[in-house]
Amino acid sequence: MTFPTPLTGVVPPVCTPLTPDRGVDVRSLVRLVDHLVEAGVDGLFVLGSSSEAAYLTDDQRRLVVETVVGHVAGRLPVLAGAIDMTTPRVLDHVRSVSAAGADAVVVTAPFYTRTHPSEISRHFRLVASGSPVPVVAYDLPASVHSKLPPGLVLELAADGVLAGLKDSSGDLASFRSVVTGAREHPGISGFSVLTGSELLVDSALALGADGAVPGLANVDPGGYVRLDRFCRAGDWERARAEQERLCVLFGMVGAGDPIRMGGSSAGLGAFKAALYLRGVIDCPVTADPQIPLSEDEVERVGKFLAGAGLL
Amino acid sequence: MTFPTPLTGVVPPVCTPLTPDRGVDVRSLVRLVDHLVEAGVDGLFVLGSSSEAAYLTDDQRRLVVETVVGHVAGRLPVLAGAIDMTTPRVLDHVRSVSAAGADAVVVTAPFYTRTHPSEISRHFRLVASGSPVPVVAYDLPASVHSKLPPGLVLELAADGVLAGLKDSSGDLASFRSVVTGAREHPGISGFSVLTGSELLVDSALALGADGAVPGLANVDPGGYVRLDRFCRAGDWERARAEQERLCVLFGMVGAGDPIRMGGSSAGLGAFKAALYLRGVIDCPVTADPQIPLSEDEVERVGKFLAGAGLL
Amino acid sequence: MTFPTPLTGVVPPVCTPLTPDRGVDVRSLVRLVDHLVEAGVDGLFVLGSSSEAAYLTDDQRRLVVETVVGHVAGRLPVLAGAIDMTTPRVLDHVRSVSAAGADAVVVTAPFYTRTHPSEISRHFRLVASGSPVPVVAYDLPASVHSKLPPGLVLELAADGVLAGLKDSSGDLASFRSVVTGAREHPGISGFSVLTGSELLVDSALALGADGAVPGLANVDPGGYVRLDRFCRAGDWERARAEQERLCVLFGMVGAGDPIRMGGSSAGLGAFKAALYLRGVIDCPVTADPQIPLSEDEVERVGKFLAGAGLL
Amino acid sequence: MTFPTPLTGVVPPVCTPLTPDRGVDVRSLVRLVDHLVEAGVDGLFVLGSSSEAAYLTDDQRRLVVETVVGHVAGRLPVLAGAIDMTTPRVLDHVRSVSAAGADAVVVTAPFYTRTHPSEISRHFRLVASGSPVPVVAYDLPASVHSKLPPGLVLELAADGVLAGLKDSSGDLASFRSVVTGAREHPGISGFSVLTGSELLVDSALALGADGAVPGLANVDPGGYVRLDRFCRAGDWERARAEQERLCVLFGMVGAGDPIRMGGSSAGLGAFKAALYLRGVIDCPVTADPQIPLSEDEVERVGKFLAGAGLL
């Protein structure tokens, strides 16, 4: 389908269910997509951080896009991450996921290399000029160790290089300057500013964001859809109550012991355990080399679900 | 050829010459290999940071390994980087480069993800158990944003997981603890501890390192071979003089304007400009999105070469 | 006066005007206090980052507190920073500023030292037990290089160690978890959660914050007082418009050339230039070793004032 | 006494013994000074990181300098740290410690503030112009979160601003460029380049350093004096053996449990426990808010001493 200008609403970054031997579990993936679509989400983002894109081989990445695009069949826009270190490698992924039917690609700044702002600018310009579909910038300093300057994002938006921004920086002040900058810039239209924060969707929409890409929406898509609708209706009180309920639910990412595992293992492990406990996916494993949650830790995830009325 | 236990001496991380349209320049690459082999180096490391591995597509990576392995034809060991974010993706590269004939693979800790020491350990164990050739750990905090703890390296060495360490951390105290730890550990033998620093090869060899992997050895392999031989002969005075000469030459990485470009662009741009000016490669371009050196900056590189008697 | 439980509203971090030879300009300081009080602010915070506390000698710090406390004469609560590296040094400042009449002290985690969360906890407990006035925690990762974990803040609040939090971390999600945590914890009452962000006061108040400590309120206290009142009245539309006007005005911190000076020089230099141009203080100099704004840069600050109708 | 140009040899950063109620233990301090002087050290550095300068009040700092200067009585040069956030505060300490008799002051880059290289340069120039004694720069990125660029150090040395460098950056390549730069610069003479690393004294002296400031020399001053003498005699083999023995001894800093305490607590706690076990000081406590070693951990420190023949 044509990529909306702008894309708005709830766009979950879709988890990638795996089989016990770490293959893509296509049947569970289809079930997860149904679970999200039926809840009323506005788009799907595959091959992002919550999808364990960094852990999937190229073959697995292709299978994920083909499966989701095929199953969605144009009902919703499907964005796909093209996550790699530098321009030439990203362009290979862009070609692959757009050939598989993605409606837009999501691209970070270069990483692993020591990157200068002028190189980040060149990177996005080169990627966009080689991409058959719109390019959304992915601001993810925790992974790429540089922050996209708001001024650069706006310049690239005005030049037609970028169709949107997915901001997972945690820096709402910087996010706001993109939101208001895009609104007031005469040369920018249809640019989509999306927050990646699970915990500040009401705040982001209140200050003018177009939508949200919350990993926790895998677990409770209905909650985020409600939250989005409350915000659009200007019902800030109910929005805040729904957001606070989701903040409590998000506590599940602390179920994994930080002495024993890193943040990816704990966070993605919790989301997958929750999807497993809710019966959406068949197996909660995460990709190597992540550390699996223990039985006790899975049980703690279950308590968060129960507390939110999701079990 | 069989991977030496331990690998010792000078093992340059081989630059990847590119054509003006950013393809691998096979003829220049072969000429560069000859330039290094004729200078007497002890091994070659392809697809590392100095090789712009982060910028090469999978097809280009394969072509580089096949070209170098084919041309070297067993005269020297060839190590190949298998640089990617996580275990499953690294294993794909391991299979590819070992099929292409690499004698060992060089592997970093996971990056882009938020990584815990226990996950780093699992990563190396899983990679080694899936690799048909020995695995050398690559400690490169500037790129992967975590430091390999010496205790972990020694544990993995003792368990037969690792065949060596390439340390580009800049932390010589940590390096020393691996060197002496490996020497004194009853369960470790044939483990190769290599420094990645251009500027401290004499210091590293004096405290017991097995060898060096200096990017600048692309430009002046003869200098590093002499330096290595002086150190092995215990002629520390001439070693220091040679090292200091090479330190001055290394100043070329400052030729690129830091206001205008990042460290990768400046460093790799200088090495390639030097190889071009010395007539080893046909074209000094670096991969996208790096910023090229200006004519003035290339001229400044030339002055460093002239000062070192290399023009 | 008694410290309010909780402190709410607008509490500007008061700039410290200096004479051309870098002494405290007491007359300008008194004028600045009047400028703030007349605009209707709810409290004053002296010796924080915007006050250049890090640059003031102990004698100057004492003079600042005495001047402001004396002039305010109990009309408003006066909080004073006790900014130093570790517990014993902080306690010396606590004694000094409370003797000078401060109604509360504001204290960061230890810095310069390599600090563990358990040491941060001990630090606040020891400071509180030695302080005759309430202690407000100051979360300022950009300066102290550690982030106060929300769970620790709530634990210290529940134990009566802390009377409030001034959060300048820029991490609104973490801030929110303190706000909601303090509201729902049965053992916490009268705890004041204040944002230090100039750009997100509406967002912070919307999610339940008690007030704000915006440096820019030195320049436009009336704007922040209006913003606070709109938020308290639930008039989110006018709040957002006022906030966006202040965001544009905040752009003045970019007037100083980042090639030539650091963020402190540019930010504090702009605030003081604005206060000078508005006729509130006699001299715009900042303390050593900060780099002063050039005439051109001061002129650019003036344009921001003019644009906001403040000249 | 007159500050040597250059200062060379072993200059221990003197620990500050405390009484159980955290006062300066003057008798133990004098005993520690005797322990160091009798071992043949070449100078003393008080109020550095190993001295817990960050934890001492101004009164305590003054008492330390007066005690050590008075007891040494000109037999050795005494350097004193003037550790504070910015120029005006550092100058207050410079006046205090030089009035108390220090022969030189040791000064870091500004910290807590967001600092630009041009501000670091101004800082050292202003401090030097206000100091009655020579100024030694203290490069300590772990504490101040910026690294002194070698070019800046050399520029300040050539301009007569700095009399030396104490480098605790852990970056031996950068250190080397100061060493060789100072040697070859026609405008620099008598400039003292000292390493702060316990583990690389032989390497640093081999590449031309003037001396070392190793915290572990509190515990085993004789070892470092021997090491220094071996290096000066060109007996690199015995130097390396002595250095390796000291590296093993340094393992004591790992006795404290990193789950329970930070690096300062563990490192300084171990040094003080060792001095206590060796009978040099009366009480092993460290300043607040550091976490004390447990009995088990102190016992582990004892095993390191026993292993080194120091018990």
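The chains carry the letters A, B, C and D, assigned in the order they are written, with residues numbered from 1 in each.
One rule holds for everything that comes next: a residue touches a chain if its C-beta (ideal position, glycine included) is under 8 Å from a C-beta of that chain, and two chains touch if they have at least 3 such contacts.
None of these values were measured; they are calculated from a predicted model.
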Treat touching chains as neighbours and tell me the shortest step distance from chain A to chain D.
-> 2
Any idea how many Å lie between the Cα centroids of chain A and chain C?
-> 35
Whole-Å separation of chain centres (CA-atom averages), chain B against chain C = 49
Residues of chain D touching 2+ other chains?
-> none
In graph terms, nodes being chains and edges touches, is this line, ring, star, complete or other?
-> ring
One finds touching chains in the pairs A-B, A-C, B-D, C-D
Residues of chain D touching chain B in the complex = 170-173, 176-177, 180, 197, 199-200, 202-203, 206-207, 236, 240, 244, 247
Going by the contact rule at the top, pick out the chain A residues touching chain B in the complex.
-> 22, 54-58, 60, 83, 85-89, 92, 110-116, 118-120, 122-123, 126, 142-145, 260-265, 287-291
